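Letters A, B, C and D name the chains as they come in the text, with residue numbers starting at 1 for each one.
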């Protein structure tokens, strides 16, 4: 069975998903929608499909079997709800929604349907190094995890990438990874601010997260780190540590230096994970079974993000109040 | 246009190509042929196609648009010639043929046709690190290349993997990479033998290659290196060096050690390059244009391999006598 | 002028100092004192000097020009005061004293004398990598420092190495390095505790330190990290980062792994720094001039350590109340 | 017993030895001799001793207990012979002599004396990484050694540093290390030349060395490598490899790069080994026992160097004809 994909959003992520579907996975994209018809058309032209500025028409199109949502964060909710209504599988870019309340409405709608249709784009779960880290943790020979140190740096960001958005859009990756790696929920979040490269935005930020069994993770997120894109993590266990994200690849010796390139952006760093995410999602859609990051994962992350943002104002630890996980997501 | 692929060979490489075509590239494999029908059937079953023990029937099948040859090295010639006769594009595993004479016959047949149909499976050209090495060389700021050091190690090999086969099957990768990187031909080959892990096979081998503009490359090939699969290279230029192949990825600290995994085999190391090779070849087949490693590349490599093997007997340097490159391959 | 050294303490650090003075620096040790005469005698015998169980007799010995104090932390105060009274130069192991109050009394005594005689054993300032880090920071091309991440792990510790002692004995290194690197004072300390490998001791600990110009440092100290001794640091600046402490040296490839040894203890890691500290201190003693880490550095560190320990009880940030730096230490 | 050292030579190596003796090892240098009195005086002044332009007067000075020879290579023979005549211990910079014939005369004179007085400055044997490599080899768990790859690069060299001198002065280090690591003698040498950065000097050179039990080593020596000073080695054994010399230390992330400094010269790289060499030699002199690299090691290296130089002319392998090791050196 060939799956015809409707793609909502032709920004950076939409382009990346569209090209990966068409050129890397030999997949048919039935239509591309973007409120900016020009960029929708440019992408559609490149991957050989139709463009529209009406996302809902793509979702309702009978020729569309499944939908990839890569539009602005605040639009995820109406599009995801429209897909749920029609029973169409969705791969929704993270965050599921920028506030826990909106994410909760999607979660409620899916529970009402009684079956899982939504996968959230936490594509780091598909990264080879994170998977090896999880395997090393689960092997058990290093004991239980005690601490986790995370570094997440972007080379630059627009002037509108404010303190709260940095949490929902970027730190949400670390929130999800911490939940996924440890299999526990986060119970407390603290946002620590020191010197910033901007006056009115906290950048870099240091976020402390505490899990239900007491592991403490510190996350440096630095949106304007200037030097390149880099994601690193070290898990400290009772009998050793596991780390990932060291720059590697080509090495150049010149001018009294050994130089290893750092990837300039997340696409160069995580392209294989994005491809693997789409490939596994297509397999899941074909099989009618959903086993990727769920709406619950999107919701739980949004609740933690809300607590991080609250801590940005209060300056102290903020408890995370997460309801019991519904049966659908066990 | 959807391309239907005929796959000849269901051994390790055939399985890898078949699964990559089917599961990673969403491509239709029309049939799988292997002289061992059981293993052809096992692969065909997994990727949803038909199996046969008659490779020629696959090549002549009107439903087959292009052919991947991954059968035993000595069978490449008849299958490649059969494809040429029908004008079907071919991706032929390296070596094009185990002797320069056989490779020369394929080259002659293709020239007679007057158009390029054959791509040889020198998939290292599709590896990200080798590509970056070539780009760093061509950037020019490090000056001209002077020396190249290569290391190519397999964890183990069967008792029948003899000294000459090690050249045609494995060192051929370094021969091709040296030609591709420098854009020059190899004019002399010397096989140096020291202590060996076997009595009647030279393993490891140290091969010296000299290019037409005087660069000297040393290649360690070690088929039974025991500890893992590893490919490394360092290009020494006038103002610096460029190296690739350092193990990277996950790091584990335990027992007074920092441990970085080494890939156990070439599949783990080069899977992205194999996929990229197939993807680019499919694009080329669709466009009717061939721009990957050509039959000439396969032939030139075979001529150098012949010289290496002659040097294994003589013990001294053996000149490489390569005819002028035919116009078709300019 | 040959300097005759009196050595107080023949425990691990005393032995290391004594052997370094005698075997690496060709220096005369006039006497070794330890309350355990047996171990004093064992060391004295090895380095060719006299042993006693009376430290004060060594300090007052007219043949002793300068004193190295490496006895139990709580005895630093009386011995340092005895040296000050006689005007003898002192190299005192860190901490200067385990409480800020005791360190303050030493500071007051030295000020009363009107000249600097005390150097505190913050030997990381003599480590080549920390020095390069300071040079890289001061070069200025990477901008101002924003964050610092520190990791400090010991392989194991006795059952009596409790939460507060971990601060005064170990985290004091990071406190000093942060002050030394940035040239600023620390104004706030927070001790964060999560899961511990022990029930009644916080191990590992995560300490947050904030400097007067807003830099935030996080310090993981893990006394029972099991796998080896390791000290790492990364300084995050506006236009890049500087890191140190990556394990290096010999690399072994075997069993599908690239293995780099991690030093088993601080002696192996920092022996060159300990030697350089003694060498520079001897030069300073000969010249009658003191320019190493001062009693003020020992005192300021003790004040920050007190705040860390207070935060271990309160759980929240504790302000650091440091008096103005006295003129003697400008 | 305090040892008074006479230092012959106040060039780069003489200055390094003199300063290390005086400032790092607390040792008394009795006199410095150099045919250039000005530079002898400059060094003598800095380390607090006398200067002369008459090396023989230093050797015969009754106040000189032992001699360090760091003068021009061609003068090693007369000075070493003068020391032998007076029974004074010598640390002679490598090479013992630039020709095997001259080295042979020193060896003969020492044998005639009947006791070992000469240590040759093969200071790499005192380098921590080479020692760990030897320990890893001798541990035996990786099996027997099969191949060795060596890289030895200088940033630049004077116009008079010709092809033969590169062997006696620089490749002699690798010749010695190979003999020392494996405990075997070298039986064949081949000099391979490719493209060079100069017209009349072979630079870089690739030297192949074969030991008596069949191990083959390839040595790249590049005197004008431009980018920095670097020494690396990888020993390939039956069940793994051991490598050393990876640049390490500080790492800077900036401009999309992870930058690790490469040492600019041999002093920065090997200062600890030079110091350890002098320290152990002083201990040996005090004890009247010689156990460092011997005149035999200096001679054997000179014989291999002669063969390398002969191969530079002949272009092919040159057998190494080494006499039986005299009993004195067992």
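Simple rule for what comes next: a contact is a pair of C-beta atoms (placed from the backbone, for glycine too) under 8 Å apart; a residue touches a chain by one contact, two chains touch by 3 or more.
Every value quoted in this text rests on a predicted model; they were computed, and no experiment measured them.
Undergrad: If every step must land on a chain the current one touches, say how few steps get you from chain A to chain D.
TA: Minimal hop count between chain A and chain D: 1.
Undergrad: Need the most distant chain from chain D, centre defined as the mean of C-alpha atoms.
TA: A
Undergrad: Just the number, please: Cα centre separation of chain A and chain B in whole Å.
TA: 37
Undergrad: What whole-Å value do you get for the distance between chain B and chain C if each is reduced to the mean of its CA atoms?
TA: Spacing between the chain centres: roughly 57 Å.
Undergrad: Distance-wise, how many Å sit between the C-alpha centres of chain B and chain D, to the nearest whole number?
TA: Distance between chain centres: 43 Å.
Undergrad: In chain D, which residues are in touch with two or more of the other chains?
TA: Counting only residues that touch two or more other chains, chain D contributes 226-227, 239-241, 253-255, 261.
Undergrad: Using the touch rule from the top, collect the residues of chain A that touch chain C in their complex.
TA: 144-147, 149, 151, 192-197, 204, 206, 208, 210, 213-216, 218, 220, 222, 225-227, 236, 238-241, 316
Undergrad: In the complex, go through chain A and note every residue touching chain B.
TA: 23-27, 128-129, 132-133, 136, 141-142, 239-244, 246, 248-255, 261, 272, 279
Undergrad: Any idea which chain A residues touch chain D in the complex?
TA: Touch list, chain A to chain D: 155, 226-228, 230, 247, 253-264.
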